[in-house]
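One structure follows; several queries about it will come next.
Every chain is named by a letter (A, B, C, D, E and F) in the order it is written, and numbering of its residues begins at 1.
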Amino acid sequence: MENKKIGEFNKSDKIESFFLVKNVECKITNNSTTNKYLDFTLIDSTGEINAKLWECTNDIENLIKDNMLVKVRGVVNEYRGKLQLKIDKVRFATEEDNINIDDFILVAPYKSEDMFEVVLDFIDKIGNKDIKNITETIISSFSEKLMHYPAAKSNHHAIKGGLLYHITTMLNAAERLLEIYTYLNKDLLYAGIILHDMAKIEEMESSELGIVSRYSTEGQLLGHITQGVSLIENAGMSNNADKEVIMLLQHMILTHHYEPEYGSPKKPMIPEAEMLHHLDVLDARMYDMKKATKDLKPGEFSEKVYSLDGINVYKSLI
Amino acid sequence: MENKKIGEFNKSDKIESFFLVKNVECKITNNSTTNKYLDFTLIDSTGEINAKLWECTNDIENLIKDNMLVKVRGVVNEYRGKLQLKIDKVRFATEEDNINIDDFILVAPYKSEDMFEVVLDFIDKIGNKDIKNITETIISSFSEKLMHYPAAKSNHHAIKGGLLYHITTMLNAAERLLEIYTYLNKDLLYAGIILHDMAKIEEMESSELGIVSRYSTEGQLLGHITQGVSLIENAGMSNNADKEVIMLLQHMILTHHYEPEYGSPKKPMIPEAEMLHHLDVLDARMYDMKKATKDLKPGEFSEKVYSLDGINVYKSLI
Amino acid sequence: MENKKIGEFNKSDKIESFFLVKNVECKITNNSTTNKYLDFTLIDSTGEINAKLWECTNDIENLIKDNMLVKVRGVVNEYRGKLQLKIDKVRFATEEDNINIDDFILVAPYKSEDMFEVVLDFIDKIGNKDIKNITETIISSFSEKLMHYPAAKSNHHAIKGGLLYHITTMLNAAERLLEIYTYLNKDLLYAGIILHDMAKIEEMESSELGIVSRYSTEGQLLGHITQGVSLIENAGMSNNADKEVIMLLQHMILTHHYEPEYGSPKKPMIPEAEMLHHLDVLDARMYDMKKATKDLKPGEFSEKVYSLDGINVYKSLI
Amino acid sequence: MENKKIGEFNKSDKIESFFLVKNVECKITNNSTTNKYLDFTLIDSTGEINAKLWECTNDIENLIKDNMLVKVRGVVNEYRGKLQLKIDKVRFATEEDNINIDDFILVAPYKSEDMFEVVLDFIDKIGNKDIKNITETIISSFSEKLMHYPAAKSNHHAIKGGLLYHITTMLNAAERLLEIYTYLNKDLLYAGIILHDMAKIEEMESSELGIVSRYSTEGQLLGHITQGVSLIENAGMSNNADKEVIMLLQHMILTHHYEPEYGSPKKPMIPEAEMLHHLDVLDARMYDMKKATKDLKPGEFSEKVYSLDGINVYKSLI
Amino acid sequence: MENKKIGEFNKSDKIESFFLVKNVECKITNNSTTNKYLDFTLIDSTGEINAKLWECTNDIENLIKDNMLVKVRGVVNEYRGKLQLKIDKVRFATEEDNINIDDFILVAPYKSEDMFEVVLDFIDKIGNKDIKNITETIISSFSEKLMHYPAAKSNHHAIKGGLLYHITTMLNAAERLLEIYTYLNKDLLYAGIILHDMAKIEEMESSELGIVSRYSTEGQLLGHITQGVSLIENAGMSNNADKEVIMLLQHMILTHHYEPEYGSPKKPMIPEAEMLHHLDVLDARMYDMKKATKDLKPGEFSEKVYSLDGINVYKSLI
Amino acid sequence: MENKKIGEFNKSDKIESFFLVKNVECKITNNSTTNKYLDFTLIDSTGEINAKLWECTNDIENLIKDNMLVKVRGVVNEYRGKLQLKIDKVRFATEEDNINIDDFILVAPYKSEDMFEVVLDFIDKIGNKDIKNITETIISSFSEKLMHYPAAKSNHHAIKGGLLYHITTMLNAAERLLEIYTYLNKDLLYAGIILHDMAKIEEMESSELGIVSRYSTEGQLLGHITQGVSLIENAGMSNNADKEVIMLLQHMILTHHYEPEYGSPKKPMIPEAEMLHHLDVLDARMYDMKKATKDLKPGEFSEKVYSLDGINVYKSLI
């Protein structure tokens, strides 16, 4: 019996560890009309795994729910090329176990409170009054949810605090590139970065663990780009902001995906919008590349990464 | 000397008629540094033609301006495969000439006032209070410009009153199709039709003759679909309308071009949005097909029509 | 034990009802070389479901065949996210059960005989002799199969009598739109609608229940558009029709899918062909949207609908 | 004064030679309302050139017509990067000049009569009675026009006798490849080659010089692929041929352009159709490559060739 | 018990035959944590099949390895629409069984030694010294691996000796087409054919049975086209060859896939490169078509063939 | 008479200034066979303009050549919507005029010598011996031409020293982003940036003024990406470098255009290649955006910029 993390599992390992129940469902086995089993998705900070408890009593069925911390004993198996955990025993964690839920989910490498401070510092650097007001109005209305929201449902930065992590990394990169491309308008760029994905909080529904369960109705019918344009419309109105400022910020939100088929009906027509688009893509890709190669040995290729156009990332020998 | 309309011109015709000056500019001839000439675009209700006045005195240059009515004498020539009018004499029209500017531009076949009445009648048929309020708020803020705005710069319904003509034809078609597809929500469909292109009035700048000179700055950076979503956002707020209603109307505006590359980042997800899209395309195409075949003889093909995917329309013998 | 329709099934329901066997096959279970089971697709008027009879004797294997009506007792289960019926007992329906096969399949909402009358009425409205003759010749050669043919294998109007239902709805819509777009040739449009999909009867092989089993060899090598052009070629010859009429009807058939990748090598060049295309798409989409939302509660989204470009249809709250 | 061919013209050459008038039109000069000039397209066997006769009397205007042979004296000029002939004197050729019109147009390198014999020889090699009959029926109905028809309006084999040249080259290539791919059905392949473009004779209108003036109405509304399918339908019927044979030949015609956007709604499903497609493309490309490099010096690139996907063909040094 | 080949298997057959183990892996059954089974891919000269040995002892697990010849007794079953062999007994083949491994894999129809001779003969026909030297240098460095390498991992010519088979068939076809298109440079064409896919030996790792296990690291990062260009670079340098020759051969390798999305960043600009591309595609397709129809009865369609754009190949009745 | 720069010209200006003759050609006027004129393209540091000298004596024709500095007197005219200079008098510049050719062309804002120093400094920062050697070998073989080569024929950085300017800006940006994305390999990234476009020097032929006249033969047949891969092959060989290093650098060159249709047959599979691609595009776009807006007034749009996907760049009011 080993106390291993999911990322370290090998076929045939016998495991005894704590996990977070991302999802649990009672099902009936294939070849019978009565045999029930519990089908789990378990996660810890290193990954996720499917698990089965083949004998499922009513007791257990009623006790174990999503988002609980449980202690599990079982064997690592392989099914259709993927590892799977066969559970022998499961109980839920108690206070005496003395474990912390944040150790079981993927979280950004910085504390949300600190990252939020960084965002506020950058807002302070915005000189244009109207741009600053609009940014502050919007950020303050989302400040609570920002603490845990991921930046996506399953792509880049799909971790607790991921949206803040994405924004702050981009802000830091932007500050440096402004030293090179000095003709850009700093105010527009910082505001654009802070606001570009803010409406994802309205588009997706996320638990406090940073796990997205579904897209909202409005998210499906309108999408975060259109929702983001409306956020700026409203914040602009309530701040009585200059028309040009509202229009430019809306243009930056509208164009930041660049391609129509990714949701941007217009292409960037100001350099700050162009820069915003590249910072966004670059940060997403650097994140996904890092994640894909994290567990590789030198000389190995990752699985296909769909968010990276389906390539296999290579971990070089040098 | 003949009093002919532009649509009837043949090579070598000697012409003496009235025209509207759509555009006039003073230029210097190719092989000299001093010889000036006036370069005109003349229109009447049947079409437009390029015209040259080779001897251009300062007097004339200062007198003749855009949007004036003029009387012209000249010969029809051909240059690079297109007819061109060589002007011998030009003067502007006086009261005694007793001509009406509306006879010189392309106008919708119904009076704007009457078409506007039709729109109001359809608004009366809308039962849902919020939908009705939003529609009324928006239509009333554009009522004046609606009287002359065309539906496009150079495609379908690019005529004075063209936007109203497009809307009312679609409303009439919708009313009939609702008898067939009875499960559709009449209120949403009528409101969607009335509002779908309303923001074109903000996207384009048109003279009172229904001639679009340019796209507005906001029109270029945002486009009428995004602008239209904001119109509904604002009208919805000011009418304190139901969130669902606002969202559905925004969804209809957002999706009415259907394809991302034509400006719709989402596809229709409710049947009324789907129907709106088809009525829009159908009416545009029926208009363009009619226009393309109007002057053809049976058995002839039109020029390539770019708004119809570049086809040559055929006028059949039966 | 409940007498429920498939559309009403919930997980764990115990069912005792009549169904139509759309398909039945004897298979051997996964982990053995001898255990046989029967794998069914059962349908009734509300939908279809996979069903398993895990103990399969030779008797039952030889008795139960496709297209039979059976009485089934069992439990509703879930497998890979889909409902599945575990059969405890099955027998076939007898005369005493007094059930009617038409109650077990999806059928058009109107009687085929009545819809056929509608088609004949529209043919009567065709003034042009040649168009009328060609239409009558073709319709009469398919009149028997028209009574049950669906309009597609699995997309829109894939129901018994679906082809007639599609045609008559389009004819009714066309009649109304001709009041708006009065310059269209009524004869061409009615004939085009009636004939546009007629060759599907040669392209697909359908049972009398309106269920398509396969595409014919000619259907695969040529397709219903090319086959339809040949139908008109032959009917035109045998009626000694005007060349222009034959060509125009062929052009309408050829172009009604509009896009090359959907089988139309040419685009509509006459307004009647353009209108035919839009009526065809519109009717298919209105049908699919209605079907997708039929069982939704307000506020819900349907599954992805592939024939609607993969969207999830939304059932609005208003 | 030199007696040069068009292909040898250089700027400033003074020319006195015979040409064929491909096209002549009377126009009025740019800066006047009365000065007429004649605008010619002149050709000889080496190419074509635009030519101007700036003083145009009524006499000359009425005498010189399309397709005449003329003797011209003039100077080679350059206008917008292209050579142009300024005509000083023009008269038409008389019997004494003793020149032959075939020396002034692009013609296939073999006599049409000989190439037609080759086609007949290949028909003799077809063993299947029905295939042979259909091929013979169609070829005999077009035998006269085949003598001069080109294979295209402006692409590959756009020369007098070009269609026959294209067919016979493909037949010769097919015969050789049948030695390699022995499992192919020779009868289908030979018939497919002979018939694949035959309907181009109905699609385009060509003069006896092999110059296509326009597409026919039916050619525009249906296209040679659909027309070709009908040819086989009719020839199949009149020969009472086997359904399978008709279907296979129609399939070959239907699929020979391979891509939907080039007019083939289905892809080849039998190896003979696949081979036909490749022989067709290969022969067209080999022709266009040869034509593009004919006048190049080693180390030079040709102009962009649109029929070769816009490449510049390179004439190598080895 | 029958001694059948895989290609002849029907459901429920009881089999006792020899097979080659393409792949074997020990797995744990779905519903248990301990039950192991062996999962095989077995092949013989007629095809491949999945097989299961449900009781797997440690002995057997350790004995049976990839690429071994085994004798198997079992029953043919069907799982998810595919045949599967349930193994009752397995042992490995001994010398007394007197079987030859070449009878169990797919091999080219000619002996590799003979095909290699053909290649050498064609090299002899190359007149240009530099082209000949480069070709010889490269061919000699790969001569050993050429004896067994296939031309692809899973597409056309994925058989032992497949690369040589592909090359020699193309050479024979080229020789014949050079009689038709006489203006082509024979030396370039022969060398281009011989070298076009040579770097596949560096791109893929193949066993001596002609079975590709994986792509090499360099193959994934660069691809055989780029690797092939480097082969010529190096062989050209070491032979001190003419720059033009090196460039032309590199151009031929670079362009032979024609489309950028298939790996060719440039399109053929010399006729020999164009011809090479067509011979390559043609030979691949003729091979795949033949393979797809081999086991069909007349009138039947094959499964979808992905390398043939997803079509179903038809075996005609004539 | 004004001493204006081309960028300041307005219609009707009378000009007397110095220009560089980018191109001069003697032509014959349109309506005559004898009248010659000189057709110029003149440039200075602010732009380029077409100019005509209508009376052209043999003297002048023989004196004025490309790349000369001339003094011109004339009038600014407009022809087909573009400004054009009618030359009254022209002479070439003499020593007394005391002008410097570098003031008449577009040059990078830093001295080439200084930028080259920057590149050398970055090479010094490369720790990996093999990467450093390969980079040094290549850079030293192109050091002379690097001093004046532009980065493109007509797109971004098409100025004297533009290639160095592009490289050094990217290096500076890379250095800053490495502080953010610390897991990247600095050595690979710096080398990749320095080498990515180096083969453009072989692909294009540029004068010492940084003006590209044409693509080289090898550039057209292979392209700078394939040529760059060969550069690394050769430098790697001669430095006896590690295979992995050669492969990784080749992979970076190969993938830096990302899309197959822009010349990259593979996509980036290591993070350094991904970063290189983004730095390249970002720097090109920031350059083109800056250039497009340089002469705009706030609130104006630029012309369509083809290298920026055809957008009109907007100069904002804030």
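Operating definition for what follows: a residue touches a chain if its C-beta (ideal position, glycine included) is under 8 Å from a C-beta of that chain, and two chains touch if they have at least 3 such contacts.
None of these values were measured; they are calculated from a predicted model.
**Student:** What are the mutual neighbours of subunit B and subunit C in this structure?
**Tutor:** A, D
**Student:** If you tally contacting C-beta pairs, which pair wins, A-C or C-D?
**Tutor:** C-D
**Student:** Could you classify the subunit E-subunit F contact as same or different, where same means more than half of all interface residue numbers appear on both copies?
**Tutor:** same
**Student:** Specify the chain most distant from subunit E by Cα centroid.
**Tutor:** Using the mean of the C-alpha atoms as each chain's centre, the farthest one from subunit E is B.
**Student:** Report the inter-chain centroid distance for subunit B and subunit E in whole angstrom, where each centroid is the mean of the CA atoms.
**Tutor:** Chain centroid spacing, subunit B to subunit E, equals 61 Å.
**Student:** Can you work out the whole-Å distance between the CA centroids of subunit A and subunit E?
**Tutor:** That pair's centroid distance is 43 Å.
**Student:** By the touch rule stated above, which residues of subunit F touch at least two different other chains?
**Tutor:** 217, 220-221, 248, 269, 301, 312, 314, in rising order.
**Student:** Which pairs of chains touch each other in this structure?
**Tutor:** A-B, A-C, A-E, A-F, B-C, B-D, B-F, C-D, C-E, D-E, D-F, E-F
**Student:** Subunit F touches which residues of subunit E in the complex?
**Tutor:** 217-218, 220-223, 225-226, 229-230, 233-234, 237, 247-248, 250-251, 254, 259-261, 263-266, 269
**Student:** Applying the document's contact rule, which stretches of subunit C touch subunit A when the two form their complex?
**Tutor:** 29, 54, 74-75, 77-79, 86, 88, 299, 301, 312, 314
**Student:** Once bound in the complex, which stretches of subunit C touch subunit E?
**Tutor:** Residue positions touching the partner: 27-28, 30-33, 217, 220-221.
**Student:** Name, in rising order, each residue of subunit E that touches subunit D in their complex.
**Tutor:** 128, 169, 172-173, 176-177, 179-181, 183-185, 187-188, 242, 244-245, 248, 267-271, 274-275, 278, 281-282, 285-286, 289-290, 293, 301, 308-309, 311-314, 316-318
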